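What follows is a group of structures, each given as structure tokens.
Both complexes shown next keep subunit A, but they swap its partner, so subunit B is in the first and subunit C is in the second.
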Partner chain A sequence: MSDWVEACAADDIDEEDVMRFDHGGRTFAIYRSPDDEFFATDGLCTHEKVHLADGLVMDDIIECPKHNGRFNYKTGAARGAPVCVNLRTYPVKVDAGKVLIQIG
Partner chain B sequence: MARGMVIIGAGECGGRAALALRDLGYDGPVTLVGDEPHLPYERPPLSKEAMASDAPEIKAIASDDLLAEKSIRHLHSVRAVAIDRAAHEVRLSDGSSLSYDKLLLATGSTPRKLPMPGLGARCVYLRTFADALAIRAHLRPGNRVAVIGGGFIGLELAASARKLGSSVTVIEAQPRILMRGVPAEIAAVVHDAHVAQGVDILCGDGIAAIADNGKEVCVTLAGGREITADLAIIGIGAVPVTGLAAEAGLAIDNGISVDAQLLTSDPDIFAAGDCCSFPLAVYGGRRVRLEAWRNAQEQGALAARNMLGAGEAHADVPWFWSDQYGLSLQIAGLTDEGRTMVRRDLGESAFILFHLAGDGRLVAASGIGPGNAVARDIRLAEMLIARRASPAPEALGSPEVKLKALLAA
Partner chain C sequence: MTAAPSRRDYSLIGRDAKLAVETGLSAAEWYHTDIPRKQMKELMQRSDGPAIRDTAIWLTALVVSGAGGAWFWGSWWCVPFFFVYGVLYGSSTDSRWHECGHGTAFRTQWMNDAVYQIACFMIMRNPVTWRWSHTRHHTDTIIVGRDPEISVMRPPDLVRALLGFVGVLDAWHAMSDMLRNAAGNISAAEKTFIPEQEQGKAIRIARIWTAIYAATIALALYTGSFLPLMLVGLPRLYGAWHHVMVGLLQHGGLADNVTDHRLNSRTVYMNPVSRFIYWNMNYHVEHHMFPMVPYHALPRLHELIKHDLPAPTPSILAGYREMIPVFLRQLRNEDYFLKRELPPTARPYREEFHNDTVAAAAE
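Up next is the complex of A and B:
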């Protein structure tokens, strides 16, 4: 398995919010849920490659800022038109106030 | 056996409706009729991404495989020519007929034609993928493009043409661009972006004459100025496609007239998307017709639910976006409902205007900025509008007050 990569400090993201993280030529979205858990997905919407980190987090849903495609960021599941392809998710852990993601 | 569901118009609205019928578990026949030779496709890229490509492709809403998997019969390159309401039948241009239990008219809109003699092969409109290919073929360094109409289609095409090196002149009869529905403060940002990219924008001067000799077009303005171009793109609005409905005796009122459930004056015929006018609940039932991608999508899905008997009323807030150069503009709600405006600066030259009604209710929000800088707050504003909220103007104007907090209030 690949190494864990430090994405940000836990305090960098508000609860029920999202942040963009670029690494190794790829872009990811890191989420903090309303119940204070962290999650990570690919950073671009599967519909038109828009950065999801500019979108709105409501409960466990991230909504694309451009065309309102919705995904469950915990599972990556697409939630209706115009998106039909699921988002890839990545394991996340918090260690000493740092958010780490495992980039496969 | 069920006669099934027939959808006339295979654009965003019709395509989404067909898919939604299956997603809702309907297992009778679903037939989608379109007059273009393509799969159902998304139109917004036609003025933008399709122009940026040397070999534009359609962005399909559903692949052949998906349509087959969902048992959606897609008839392409064929028009509906008549509806026999008594027999529940639609007659098609190839001579065949389709029986229906419920019929959805998603016939869309068509570019408003410039009512003037002198137009020829070098004068074009944009609606279809074929139109986009024809325009794209003319966009190259050194070519001169005249854009008639400073609305969204014209301005997006102007930006695309500039990126490909064409010289561009935008001609708008009104005193400024984007007069319809866009506040002057935001239109000014768009105007400046075009001027900075070298676009010549001429406002406040109508067209006196057009001469198209097949090789170039000469546009003469009322003030006497002449613009000669290799291509004239006309973007002066769109009109709903209502001929089929009108012939069938359905009520027409700035589009096919439907109720809040998208039902026409016939209990088995629905209409949705650009082609229909409907009562907008969020503004007390004001009758509107929207030419917008998300509305087409939402109404397609709503029509599908109601064709299956859901009896659900339309409750969405209008939403619209436009991309030009690196700027994105978004509008939630109808700005003409507002009496006063409150500005919120988001940094990086992005800002949002909140439009408040006389009683303080938030009725619309319009914003512009680089990338998707305004998207999140416009989305939150849309939710506030849907709730008919009346947030304190001071809070709306203070970037440090999170809109999400106002939504929770």
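Up next is the complex of A and C:
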């Protein structure tokens, strides 16, 4: 079973925003939704390996900063060209003001 | 007016395409001006309001001018109406196609999609093919062999560039591509940037468009009048001049095979009418550096980062005054280009571009 890893403090991310988190040679994106829930996905766009943390969060969508490809960051589903491959998502929990993600 | 055969291979499946991938020039990391996340988020914010307003003006003007042209058909009074209609149909759709393809014009995605489809039809660009070609244009901007949207290759074909102002070659190629796609044929070059699962959509759209043009031609023959073609199809020719006039300035005469948009793109100050038609794409360095920023926020982005960019070209005329001599000189030396000076407040270009021993750059 994979361990939970502390990614950041909950207050580090604004509502409807995203933050980059690097761990173990990998990069992740941590999201705070408009209804104050936290989510995590792989950090790089599946299209051309651009950091999604530089993109725009709108409702439940993250838009890649390079080509405007869209994903639902809650499910990882690709939401239109030029992205065709879904993002991998990771379980997230908030404990004592810290955001933890379970890295598989 | 065309010079000796080019040393550059612009084929998407040719020598330079392979070389760009092997050397890491393709899909490289590009220079960006640093902007605090908070400000960037504000600039990226989407809203429907500006694009709904502009689209309402655009469609109203399109209908009124088209109706006026049809009403006065047969007299010289139709000319000013078709002049306006042509620019709205054959030029303003270039920027509408582009901005809605990025998904930045409207916040509501179906609105982007609807205007995208309409504009693509008018500008005669298959919405599937061009979505993917433009994706490549942003990945590999003016990288020889990789960018499918280089409008003036080196050495420049000036006859071709001039014909662009009346859309003749563009429309010819668009129609040829449409019929080829409608026949179920996706070319080898198209296959390099359109994913396999999207190719069927390109074929379906081409078949729908072919049916629309066939119906328009049939109507023209049935009525014995050019009027249907003046309203559908031909405006792509007689109204193309504005989008070509401003479009050539985007990258014309500047560097190729670099990874800094300050070197290969041009920001030009323009009059408000051209900016409306062009949806602020005159801020072209800014657009390429930050394609997430909607057209209506580009002037604010420009103010924020202009300290780090070459001085904007002050007008369309000034743009041609600097670009045409470069084109003429490239007829003799295709490596020549205009290297634009950065202000003292800017971060310098990367050394590999300063020390370029091949190119004889202009001042």
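Just so it is clear, the second predicted complex is superposed on the first by the 104 of 104 C-alpha atoms of A that agree within 3 Å, B and C clash if a C-alpha of one lies under 4 Å from a C-alpha of the other, contacts with A are read in each partner's own complex, and residues count from 1 in each chain.
Following the convention adopted for this analysis, contacts are C-beta pairs under 8 Å (C-beta built on N, C-alpha and C of every residue); 3 or more make two chains touch, one makes a residue touch a chain.
It should be emphasised that the depicted structure is a prediction, and the values quoted were computed from it without experimental measurement.
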Evaluate whether subunit B and subunit C can sit on subunit A together after superposition, giving fit or clash. clash
Which of subunit B and subunit C A:Arg70 touches, first, second, both or neither: second
Once the structures are superposed on A, label A:His51 by its partner contacts, choosing first (subunit B), second (subunit C), both or neither. first
Determine, for the superposed model, which of the two partners subunit B and subunit C contacts more residues of subunit A. C
On subunit A, positions contacted by subunit B and by subunit C: 54-56, 63, 65-68, 81-82
Which of the residues in subunit A end up touching subunit C in this complex? 17, 48-49, 54-56, 58, 63, 65-68, 70, 80-82, 84
If you look only at subunit A, which of its residues touch subunit B in the complex? 16, 50-51, 54-56, 63, 65-68, 81-82
Quick check on the complex: what are the subunit B residues that touch subunit A? 16, 19-20, 42, 61, 293-294, 297, 301, 319, 321, 328, 371-373, 375-376, 379-380, 404
Subunit C residues touching subunit A in their complex are 27, 40-41, 44-46, 102-104, 107, 109, 131-132, 135, 138-139, 195, 197-198, 290-292
